[in-house]
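Look for chain A in each of the two complexes below; its partner is chain B in the first and chain C in the second.
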Partner chain A sequence: MSNSILVIGGGFSGLTAACEAAEMGYDVYIVEKQSFLGGRVTQLNKYFPKLCPPTCGLEINFKRVKTNPRINFYTFADVKSITGGPGDFNVEIQINPKYTTPQCTNCKPGEEAATQEVPNEFNFGLNTRKPIYMPHPMAFPAQCVLDASVIGTEEAAKIKAAMPPGHVDLNQKPETINLNVGAIIVATGWQPYDATKIDNLGFGKYENIITNMMLERMASPSGPTGGKIVRPSDKEEPKTVGFVQCAGSRDENHLPYCSYICCMATLKHALYLREQSPDIEIYIFYIDIRSPGRKYENFYAKVKADPKVHFIKGKVAEVGENPDTKAIKLIAEDTIGGGKIEQEVDLAVLATGMQPHGATEPIPGIEYDENGFVKPKEGIIPCGCAKRPIDVVSSAQSATAAALKAIQTVVRRAG
Partner chain B sequence: MADFKKVEPDLSFIRGVMDSGGETVNRCYQCATCSVVCPLSNPDRPFPRKEMLWAQWGLASKVSGDVDVWLCHQCGDCTAYCPRGARPGDVLAGIRNNAIKYYASPKGLADIMSRPTGVVAIIIFFILVVLGEIFLLGHPFIPKGEVDYEKVLTVLPIDAVFMPLAIFVVIVALKGVFEFWHDISAGAKLPQSYTGTYPRPKLGDLICDYGWKSIIEILKHDRFKKCGQTAERAKGHLWLLWSFIILFFVTNYVFIGADIFGMHVPLSMFHPVKILANIGAVMLIAGVLMVKAMRDQKTKEGVLSSATPDWILIYLILAVGVTGLGAEILRLLNIAVIAYPVYYLHLGCVAALFLAVPYTKFGHLVYRTTAYIFQRWSDEIRAGRNGFAKKMTLDH
Partner chain C sequence: MSKKKGLYIYTGDGISEVIDIDKLVELASGDLGVDVVKTHDDLYSPSGVEMVKKDIESEELQAVIIAGVSPRIEYKQFDFPGIIVERVNLREFVVWSNPTPGEGDDAEKFKEHVQELAEDYIRMAVAKVDKAQLPDPYKPETVNQRILVIGGGVTGLTAALEAAEVGHEVTIIEREPQLGGFAAKLRKQIPVGPDYSSLIDPIVGDLIAKVQANDKITVKTSTEVARIAGVPGEYRVSLKEAGTKSEWDAPVPLTDEEKVDENGKELSAEELHKKYEEKNEGRRHYMEVDPNAEIYGAVVVASGWKPYIPKEGEYPHLAWGNPNVITNVQYEELAKAGKIKRPSDGKEVKSVAFIQSPGGKEDDADFPYASAVTSLVALKQAKYLREDQPEDGKAYVIYQHMRTPGQYEYFYKGIQDDPGIFLTKGAVTEVKDNGSGGLTVYVENTILGDDISIDVDLVVLATGMVPTTKDEAVINLAYRQGPSFKDLDLFGGYCDSNFICFPYETRRTGIYAAGGVHRSMTIEEAMEDAAGAALKAIQCLVAAEEGHAVHPRTWDFDYPDFYFQRCTQCKRCTEECPFGALDDDEKGTPKPNPTRCRRCGTCMGACPERIIGFKDYNIDIVGSMIKAIEVPDDDDEKLRMIIFACENDAYPALDMAASKGLSWSRLPRIIPVRCLGSVNVAWIKDAMSSGMDGCLLLGCKFGDDYQCHFIKGSELCNRRMENVAETLNSLGMEPERVKLEQVAIDDYDRVPQIINDFVEEIIGLGPNPFKGW
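Let's turn to the complex of A and B:
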């Protein structure tokens, strides 16, 4: 039997759940797949509707983690198996090598020595990085990572030689640890739906079609373009932008559910673009604008009042490209005005939805529904976007609730 | 709220659409993906999104006045991309089956013809009529000696059944077409005259211009071939269409030849018209089998589903082809005891197929052709060509 709680996923939900449970006096382990904590939120530029940067909320949670001795976390780690039952789970965890040591917080010399360039996954391939890298400037723990793919090559040796002694360790091996916990909180979060699967929307085929998360990275001051939203083809600021709502969401051929955040994200992106270029024309193609609650509804009303933002009720179902200008043609039926619309825009943004990680990388021992969302059962409590598609504030609320459920499990079993 | 309009759903219409292939209609949430991916949809009045809404709301009069329903060939592109599994292609097929019933009269016959058992009953009825004729003529049902269908029925008693039947079918179909034309004129919001009448094309233009061009288009299956998901279906359908044209020609050749000029039938196997007739028969069977195979395959792929009216028509055509060719082969093989019954069955099936024109899915032959012609003409009217708009301005 164990009174401790395991949190799988160190994003906003996982951090919140871990802090809540630890502050109630329970020992908590966090297992995070990436090399840093903070998850998807670290990629965001601003939250809706307040348009404040996510770093402040994250900083508070990081501080709670750092100052609470009851919280232990493992980054770059995968859950390999879960056995046992409520009150007495045995969890096998593999900690993957970063090939660096904790004092390796600045990889500039290694980056300069490296010759290879790989797509930067943190920026959805909008730029490249070196095989040794700091995932992002706010990364916590701030430790560089050396790609496993270069281990054993001359590239790795070159990087090691350039870095201060003791910073790079090419002999690290994956390490396995076993934890005995009373309850498990699953906060494995989401990934943007793979837009190349939506074959009629041209992502991957035409350069100037990007996803909403790519736009978010471009808007970020620490992003690939230093905060400027540009067309990928010529790096120019777009004069017209079209948003394609429900790109993959509410679609039985892709994600059958509403992803909840894409409408609000698009409204927020419209404001980014209006701030960047006051003369810009924005076209939002939608089925229904979903802005639930008073605050979100007000946000929608504010954007809707903007004469430069045009709302067209009708889903884009076909796209084309002008081969000379690389402009994108969005084709939809205006279901209110009637008639087919062919709108040419400099940049098209697909409002792709959320897919839970359970859909692509399920964890053995956890049950999922047909869409990859975690099925709750006693002792295994999902929260955040592992449970259903929700925004950050609702994720935090569901995480607090999950912490309470986890505590109940260990208390009942112990009693 | 001056424009307040109360929607009065016709529930029986919704039920009818759902029962004849469109059971998924209520799943539509109006995203309009269908209207965009449809390769046959037109830019000014895209379909099938609006038809899905009308069908959901039971707006029977809107749907019956909608020519676009007939411009759909059930390609299935809309169904493949529909995010809700609402299957617009199948719903439009259901709407068409319903529309044929709506324009058919008497309605009772349409009801009978909409059920497989009803069609079988019709076939049996006509077999009994033919047998009754043979009985009255005093001929044996299965005569001795070499098989010769003239021994039981000459051309004249056959025509005595089929001529009135053909005239009846043409009258019912024409009545339907006239009502249909009126409804689509109203639905298309064509400019009305002061007395409220709709413009009508001149008969010469109708035949030589719009009709001729439409028929050429149909003979080539230009639109059907534009289908994305199920373009392969056009091939079998084209074979079928051409076989009907061939068989129509040879039937009339025999009708005129035998009835009016006293030509001897059956024709020799080496007579050019007989050769053509046999080619037509083989094309008919091959065509309908291709249509069936493609329907089965596309159903498996999930882009198309088939309802009772589809199968009734396919099996009826197959029955006409198989019994026709069968009767000929059995005659040549001289197997009287099977040949004559197959011949009677063939006559029954042909009569049912005649009757199928105004009452079953076979009606698409007349309504789709009418819709093609109407679209060509109404586009001209809207564009202000054809002198009509000019005349309107002069009137003002």
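Let's turn to the complex of A and C:
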């Protein structure tokens, strides 16, 4: 039997759940797949509707983690198996090597020595990075990572030689640990739906079609373009931008549910673009603008009042490219006027939805529904976007509630 | 008091290339009197940590200074019980932010400046550890574990059950004679989990039964709060029969408008007192103790919402006022009562138009206080008609935007399959009596065709859910700052948090909102929210027992200390505390309530007598750090400025700027502060009187979308700047020497420029005229 709580996923929801449970007096473990905590929101430039930086709240949550001796976390780690039951789960965890030691918080000498460039996954491949890297400027823990792909090559040796002695360890091996916990909170979050699967929307086929998350990275001062939103084809600021809502969401062939956040994200992106270029024209193709509730309705009203932002009720069915200008033609069915609407834009943004990680990387021992959302059961408590598609505020509420549910399991089992 | 201390300097990451480490060691072990001074090129490795640990034991050190990487990067390894630790940010703030000599710098000068910068940071750290003390937690004698839940609807019932489940006794008070709230008035409800395809029977009956069977939960119906006095861990709650007056009703302070006469002139103290007494006639003083009060540790506010009822004459184009034009709540009542009948003549209703958006062609917004719930309810209520009239019932849902987020999309899909439910986007331009008992609804721009008209028996408006806190205090606190949550108008009356990341934040420690009073939400969401709020309520009791603060400084085991002998009863601290932590006595002497306190230090910043402080953060400590800075008397190239930087946002922004290799002027020295609200004018005077030339304050955004984690800190500081400007003026100094800038954590590309612009401005003004005095 154990009174400890395991939180799978160290993103916004997982961090919240872990801190809330630890501050109730319980020992908590966080297992995070990436090399840093913070998850998906670390890639966001601003939160809607307040347009505040996500790192601001993360900084507080990191400090809660840093200062609370009840929280232990493992990054770069995967849950391999879950056995046992409520009050007494056994969890096997594999910690993957970063090939660096914890005091390795500065990889500049290694970056300078490195000769290779690899696509930067944090920026969705919009730029490259070196094989030794700090994933992003706010990465916590601030430990550098050396890509497993270069281990055993000359490149790795070169990097090691350039780094302070003892900071790079090429002999690290995956390590397995076992945890005995009383309850498990599943906060494995979401990934952007793979836009290449949406055949008719031309992602991957035409250069100037990007996803909403790619735009988010470009808008970020830590992003691949230093905060400038540009067309991939010529790195120029676009003068016209089209947003394709429900790209894969509310669609039986892709994600049958509504991803909740994409309408609000697009409204936010319209504001980013309007701030960047006063003359830009923005076209938003939508089925419904889902900005429910007072705060979101006000946000929509603010964007709607802008004469440069045009809302077109119609689902984009087809796209094309002008081979000379690389401009994108969006073709939608006009649900009101009937017929087809065509609009040429410099840059098209697919408002792709959220897919739970359970859909592509299920964890053995956890049950999922047909879309990959976690099914709750005694002692295994999903929260945040592992449970349903929600925004950040709702994720915080969901994670806080999950912390109490986990504690209830532990209390109940302890009798 | 000088402590036995050690200084450990990290020389890796280029530090020893930029800083003359020998000189630094000499300064520390010589002038600064540091007992043990060592360097290490891999200080953060196990061998480095071991070295410090051994010294602490063998040399009996009381304090250690770790000079190297940012304290945000290394935060734990050098924490030893009973030892004061100070981390000096040499790497980011001295070395990385000064990678190479700037334009026009000669190499010698560059080295000299950087060396002085490093030396000053060491001096400041030594001054700090000499003055700082270890925290001494405030632990109340008793922390009552009972939870009070205000509201007996789905949210309140759930909160009670959730808290009872982990062993807490709970009392639910409900204003109505019975439990259940609005959920008890539903015919059916939208599902509270998968599958989302069809309506379910209301679950509230089940919750009521569970509550009634739970021996940890007490229910008091027809009851409301007269006042909540006291503190988290020991709230004294006076209850009363709903709708009655009580001598224990919480007094209400005068509003700003009431504090002035008709000409806008401030009333005298006597007049104010008289007016206050009149306003609160029959109510006991807020500090008076009700001997019959019940004791609770924390409170969950689940008082829910009330339906938005359009005023008479509102929405004339929708024929509001016609008996057959009703709200969704009125329709629910009809549906609950049996087969839906037309209000005007009792005829069975065969057709209904549900209108989601009142703005016609001009505005596609939903009704005030609408949300996803109003969309979902329209779909649900359309289904009611189909249940009543399966053969020929026709429901028309006319919307601008159908809001069924997430998996509720399945529910929407299920409704679309019903052949008797017609869903269309459209602008409702007019509703008219059709002369035969029904109504004609005119709709433009629809999916069904351009302009259509529909004849129906009944029109239902999807009006919204108004939080109960919009017009009432609900919590009725007997606090110096008044009975209600603050600044609710920012949130349309919801007792919402302004923080996306921290939705349970309220400005009243120990009191947490959930459900419809928090935000418009479905039953499913409200139940989750109830569990979250229950946790926060219990967690606040854990914090009180352990002696640390609640959000955001949960790591803080200290609390503010007041030296009352010198208090002049100016009331600034009691009025400015963003959390209403301070009450006062008849004379106006503040009464601290440590379990309400968040440790932001706003009181410390406000106090003109400088009598408020913390063990490790007070007027003397920061003043001593400022005075420790070496200020050259007669070198115009070496002006000195102080920067007070918010530790949560501005400080990390500077860290990141440095790690990106961005540099800023070497003239200012940075002191992190908990919040700009804690910056006392005395520090600015200290800086100026020690000959420094300027002072820059970097804090969070304020205004309606404030980012300050202590709500008002940066804003209050900004207000104090006006006094600072006056003070400087009176000293014959330019007010521009002190400046506040709003900086967000991601402003790392901008913050060096902000500093440089400020420094340029100061250089333009020339040295502090009192330098060297």
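In this text, the second predicted complex is superposed on the first by the 415 of 415 C-alpha atoms of A that agree within 3 Å, B and C clash if a C-alpha of one lies under 4 Å from a C-alpha of the other, contacts with A are read in each partner's own complex, and residues count from 1 in each chain.
As a working rule, a residue touches a chain if its C-beta (ideal position, glycine included) is under 8 Å from a C-beta of that chain, and two chains touch if they have at least 3 such contacts.
Owing to the predicted nature of the structure, the values given are computational and were not obtained by experimental measurement.
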First (chain B), second (chain C), both or neither touched by A:Lys63: second
First (chain B), second (chain C), both or neither touched by A:Asp251: first
Chain B versus chain C as contact partner of A:Arg290, first or second or both or neither: second
Which of chain B and chain C A:Arg129 touches, first, second, both or neither: neither
A:Thr335 touches, of chain B and chain C: first, second, both or neither? both
Touching partner for A:Ala317 - first (chain B), second (chain C), both, neither: first
More chain A residues in contact - chain B or chain C: C
Overlap of the chain B and chain C footprints on chain A, listed as residue numbers: 250, 335
Touch list for chain A against partner chain C, complex: 12, 16, 19-20, 23-25, 45, 47, 50-61, 63-64, 66-68, 101-103, 105-106, 137-138, 142, 164-166, 220-222, 226-227, 250, 256-260, 288-295, 297, 300-301, 304, 313, 335-336, 369, 373, 375, 388-390, 392-394, 396-398, 400-401, 403-405, 407-408, 411-412
Interface residues, chain C side, partner chain A - complex: 12-13, 41-42, 44-45, 48, 69, 72-76, 91, 162, 165-167, 194, 364-366, 369-373, 375, 399, 401-410, 413, 425, 445-447, 491-492, 494, 498-504, 519-520, 525, 528-532, 534-536, 538-539, 542-543, 546, 552, 554-555, 648-649, 652, 656, 659-660, 701, 705, 707, 709, 744-746, 748-749
Touch list for chain B against partner chain A, complex: 29-37, 41, 43-46, 49, 81-85
Of chain A, residues touching chain B in the complex: 200, 246, 250-254, 287, 314-318, 331-333, 335, 338-340
